[in-house]
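Dropping the structures in below, format is structure tokens.
Each of the next two complexes has chain A plus one more chain, namely chain B in the first and chain C in the second.
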Partner chain A sequence: MDKFLQLLLSGVALGGIYALVALGFVVVYKSSGAFNFAQGGFVTLGAYMVYQFGGDWGLPFWLGLVLAMLAMAAVGMFLERLAIRPMVGRPAFAVVLITLGLLLVIEQVVRAVWTMPGLVLSVPWGNGRSRLGEVTLRHADLWSMVSAAVLLAAFFGFFRYSRTGLAMRATAADQEAAAAQGISPGRSFAVSWAVAAATAPVAGVMLVSRGGGALSPAVGFTALAAFPAMILGGLDSIGGAVLGGALIGVAEVMSQGYLDVSWLGSNAETVVPYAVMVAVLLWRPEGLLGTRRVERV
Partner chain B sequence: MAGDASAAAVLEVRALSVCYGPAPAVLHGVDLEVPAGAIVALLGSNGAGKTTLLRAVTGLLRFHHGRVTGGAVLLEGSSVGGAEAPARVRRGMAQVMEGRRIFAELTVEENLRAGAITVRDRRRVAELTQEIFETFPQIAERRGSQAGYLSGGEQQMLAIGRALMSSPKLLLLDEPSLGLAPRVVEEVAERISAVGKAGTTVLLVEQNVAMALSVAEFAYVLAAGRVALGGPAAALRHDADVQELYLGNG
Partner chain C sequence: MRGLLRRLLPSPDPTRPARPGGASANPLLPSAGAKIMAAAGAAGVAVCPLVLDDPFWITVLANAGTFAVAALGLSLLTGFCGQVSLGHAAFLTVGGYLAAFFGAGWGWPLPAWLAAAAAAGAVIGALVGPFALRLRGNYLVVVTLALIFVVTHVARNWEGFTGGFDGISTNKAPLALGGLDFADMSAFGQRLSREQGLFYLSWILVGISALGVRNLVRTRPGRAMQAIRDRDSAAEVIGVSNARYKIAAFAVSAAMASAAGAVYAVGLRFITPNEPLAELFLSIRFVAIIIVGGMGTVYGAILGALLLGPLPELVKEFVSYLDVTLPGLGRPLVSEVAAAEPLFSTAAFSELLFGLLLVLALLFQPQGIAGAVRSLRVRWAGRASRRPGAG
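Take a look at the complex of A and B:
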């Protein structure tokens, strides 16, 4: 039972990170209908930026994190303007391929800028842990859960209650009708890319911290495990991203803890998120909370 | 006809030509005028270019890969040039699109708030919402439900209410009677008359000629991308050609 609780805690923490990354996917998908692979690159770049501001330039960690979020928001808006906006009205697969290209470019940029191997991102909570009865709470897990909860709640409120959030939802529902109300679809796209990119440094820091602090350009590919979380939850649902993230995180950690799949080769548990995704999609093709179109017949 | 040069026109369309992509032009030098405070109807059969004319006025042509190849659209005497649709809304245009195009996933109230996106003052938005709910009591009862679940008539009322949320100088409606039961068409007509009486200038595009001529003061008939006819609505109601072509009592 203790082992179960221990794994559950760790799984929920991982799920929080996946939910954050999935949020980035969902925001862009909702506003523009494009699946943004570059989100994985944003996570990598964001983590390195936090290292740059804090570890290299010696700024306080939290200040560095906020600066990285702002910088990434700018990067997101810039890339949207440069590579995505000209594609409005083109087939969605072309846009998706561009984002895949952006992912590879960003990864290459990271390799070129931070050439030194073995960089370590230090975080204020370090390797700290506390005991809660029979269960050990890693502080990295605690911070993952707290930051995911805060950001997801903030975004949910923004999306539901703010004027800009309303404009984004209207754009997602019907671009032309939104423009007819005075909403600029381009501005909605820009904001969604900014929001998606701004969440990336937080997800990046949490993933790196969870793995012990070693920075590597592969962080972004770990983050892409949020891909099944997003599909699972329903491509266009923020609540679904949270639920999907939690499910995938717990499933991944539990299978590490309980299943002996070593005969499948090392790291076989990384396949678990995709297996869960396929199982759920066979049962509910629109995802757990995804919308079936609202339509009167 | 509408072109009483002394009356200030809210909307003037001058020698407007439009084409989509490489296809031949859809509008060929259309001239049209909507005087301040008037309700003007634009009639014509399917494919005559009515919706295209509206798109050219509101700036939505680019969503359909169309472009203005000649002429001008003037709002209160000054050209809208190549301004995008949102900028034209800020200048005082609002429209009810064909097929209603409400935001199905948003609630009724959120649809109205989206219509007031150009209004920055939150209190003003709340006042406007209240006014619309008083004008359209049947959608007030459904304010919290997803707009996609409203009946066709309710959706049309919502679409009109949403357009009025920006307190427009010029309201453009594209086939508001389409797909509605006769009783509901009557109600829509009453609402449009009321909007006109309240001082908003209206351009009403319709295939339902009887309905359009019952609310409008002036009317134009568009045929194959050209203005074929124009004049006071009362005169058109008795015009032999209009009767034969559009009213079915020829």
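Take a look at the complex of A and C:
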């Protein structure tokens, strides 16, 4: 039972990180209907920026993190203006393909800028852990859960109550109608890309610190496991991202802990998120909390 | 499905009225230009390995041929049926392992291991089909992404079949077709190398697939797929079965990719499991190939594969031209020597090129090379008709 609780805790923490990455996907999807593969690249780039500001230039960690979030927001807006805005009105899959191209480019740029292997990102909480009864709480896990909760709540509030959030929701519902009301769809897109990119450094730091602090370009690839999380929850639902993230995180960690079946091979947990996703999609194609699409022909 | 297979063979289309002056008109190569292009292509393929005796270029072009077969499959799926797939690398991998297992391991003859690879690809492709029915566009991309993880995982862990991390040799796969052994051909009293034979094999496959796809898209199943691409629910309403054609498109496309992967792996003589990241990049490469070449055309996919397929090999071969020290940075742009701290390794640089080409093509020339050719032809036709006395 202790092992179960321990794994559950770790799984929920991982799920929080996935939910953060998925938040980035969902924000862009909700405002522009595009599926942003470059988010994985943002997570890598964000983590390296935090290293650059904090580790290399010696700024305090929290200042470095905030700077990285601002810098990433600028990168997101820049890429949106450069590569996504001209695609308005083109089929959604063309936009998806462009984000795939951006993913390749960002990935290689990160490798080119930070060539040194074996970089380590140090975080204030380090490798600390506390005992809670029979269960050990890793501080990295605690911070993952806290930051995910704070950012998700902040975004939810922003989306629900601010004027910009309202404009974004209007754009998502109907671009033309929104434009007719004086809302600039272009501005909504820019804000959504900025928000998505700004969450990336946080997710990146949490992923790296969970893995012990070693930076590598593969961080963004781990972040791709957030795809199943967001699909599972429903592409257009923030609550779905949280639920999907938690489910995938717990499933992954549990299978790491319990799935000891030899015929499944080693590292079966890398496949588990996708297996869970496929199973859920066959049952509910629009995801757990997604809106069912009704189409007029 | 049977109707679909029949359509892969050239035959007059019974659902279309006969052309006036009909029986002699070739339905696959309708215009004089198409006939000339096809003849020139065939002649080029026949002559190329004989006059080009550099094994590097022969191998590069042979690989471009296998890439063209897989790209034709993806073009059929994406360009004609509107379904995006990131799983193509997985299909290629499956084909490669089947060539190793049945061809090199069990000594099956060429047609048998090639057919086995294609059949396995078709089965796996058909498994994606049901998702294609329930999910649209964006969701489907991630399901095909899942294929990459699953296939990589199986390739690494099913050691009896794949040799695990160490990989498995494909070298002994027989390459004889009846009396013609592609590994030991001769022409004009000259023995040809294995690379030259593989060049012929892969480009013969390109010819077969190109004619097959061309025939498929001009007949009833092809028009059904294009209707699904344009608006799947509307197509369903007018009686085009989404189930049938989406599953069929995935199966045919995956079969072509698997067959290509089988030949590719035999050309490499060895197959090992890739990193999932490398597999994802390989899949994106095929997307870049069909976008740059021009989606929804047969020659676009072949041109794209010829131009972009060999990019990694070319970057590696001509790295000395790119190995220039950048002023101000003191680091070379591309180098194979890691100690020189290059900005990009050769592999990284070709991935970067693929990414940039994909983005630039989508932004500035979304119809690809084929689209550029089409608009040039329209412009020329306009100029010709404006010329005095031409009309």
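As a convention for this text, the second predicted complex is superposed on the first by the 287 of 297 C-alpha atoms of A that agree within 3 Å, B and C clash if a C-alpha of one lies under 4 Å from a C-alpha of the other, contacts with A are read in each partner's own complex, and residues count from 1 in each chain.
Here is the rule we go by: a residue touches a chain if its C-beta (ideal position, glycine included) is under 8 Å from a C-beta of that chain, and two chains touch if they have at least 3 such contacts.
For clarity, every value in this text was computed on a predicted model and none was experimentally measured.
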So, after the overlay on chain A, do chain B and chain C clash or fit? They fit
Per residue count on chain A, the busier partner among chain B and chain C is C
*Where does A:1 make contact in the superposed view: on chain B (first), on chain C (second), on both, or on neither?*
neither
Between chain B and chain C, as viewed from the CA centre of chain A after superposition, lies an angle in degrees, nearest 10, of 90
*Have a look at where A:178 lands relative to chain B and chain C in the superposition and call it first, second, both or neither.*
first
| request: Once the structures are superposed on A, label A:166 by its partner contacts, choosing first (chain B), second (chain C), both or neither. | output: first
Shortest distance over all C-alpha pairs of chain B and chain C after overlay on A, integer Å, is 15
Contacts of chain A common to chain B and chain C in the A-superposed view 293, 295
As the complex stands, chain A meets chain B at residues 89, 163, 166-167, 169-170, 173-184, 291, 293-296
Per the touch rule above, chain B residues touching chain A in the complex are 58-60, 63, 65, 84-86, 89-90, 94-95, 97, 101-106, 110, 113-115, 117-118, 120, 146, 148-152, 162, 166
As the complex stands, chain A meets chain C at residues 29, 35, 83, 86-87, 90, 92-94, 96-98, 100-105, 107-109, 111-112, 115, 218, 221, 224, 227-228, 231, 235, 264-268, 270-271, 274-275, 277-278, 281-282, 285, 293, 295, 297
Listed in rising order, the residues of chain C that touch chain A in the complex are 78, 82, 84, 86, 130-131, 134-139, 141-143, 145-146, 149-150, 153-154, 156-158, 231, 233-234, 237, 276-277, 281, 284, 287-288, 291, 341, 343-345, 348-349, 351-352, 354-359, 362-363, 366
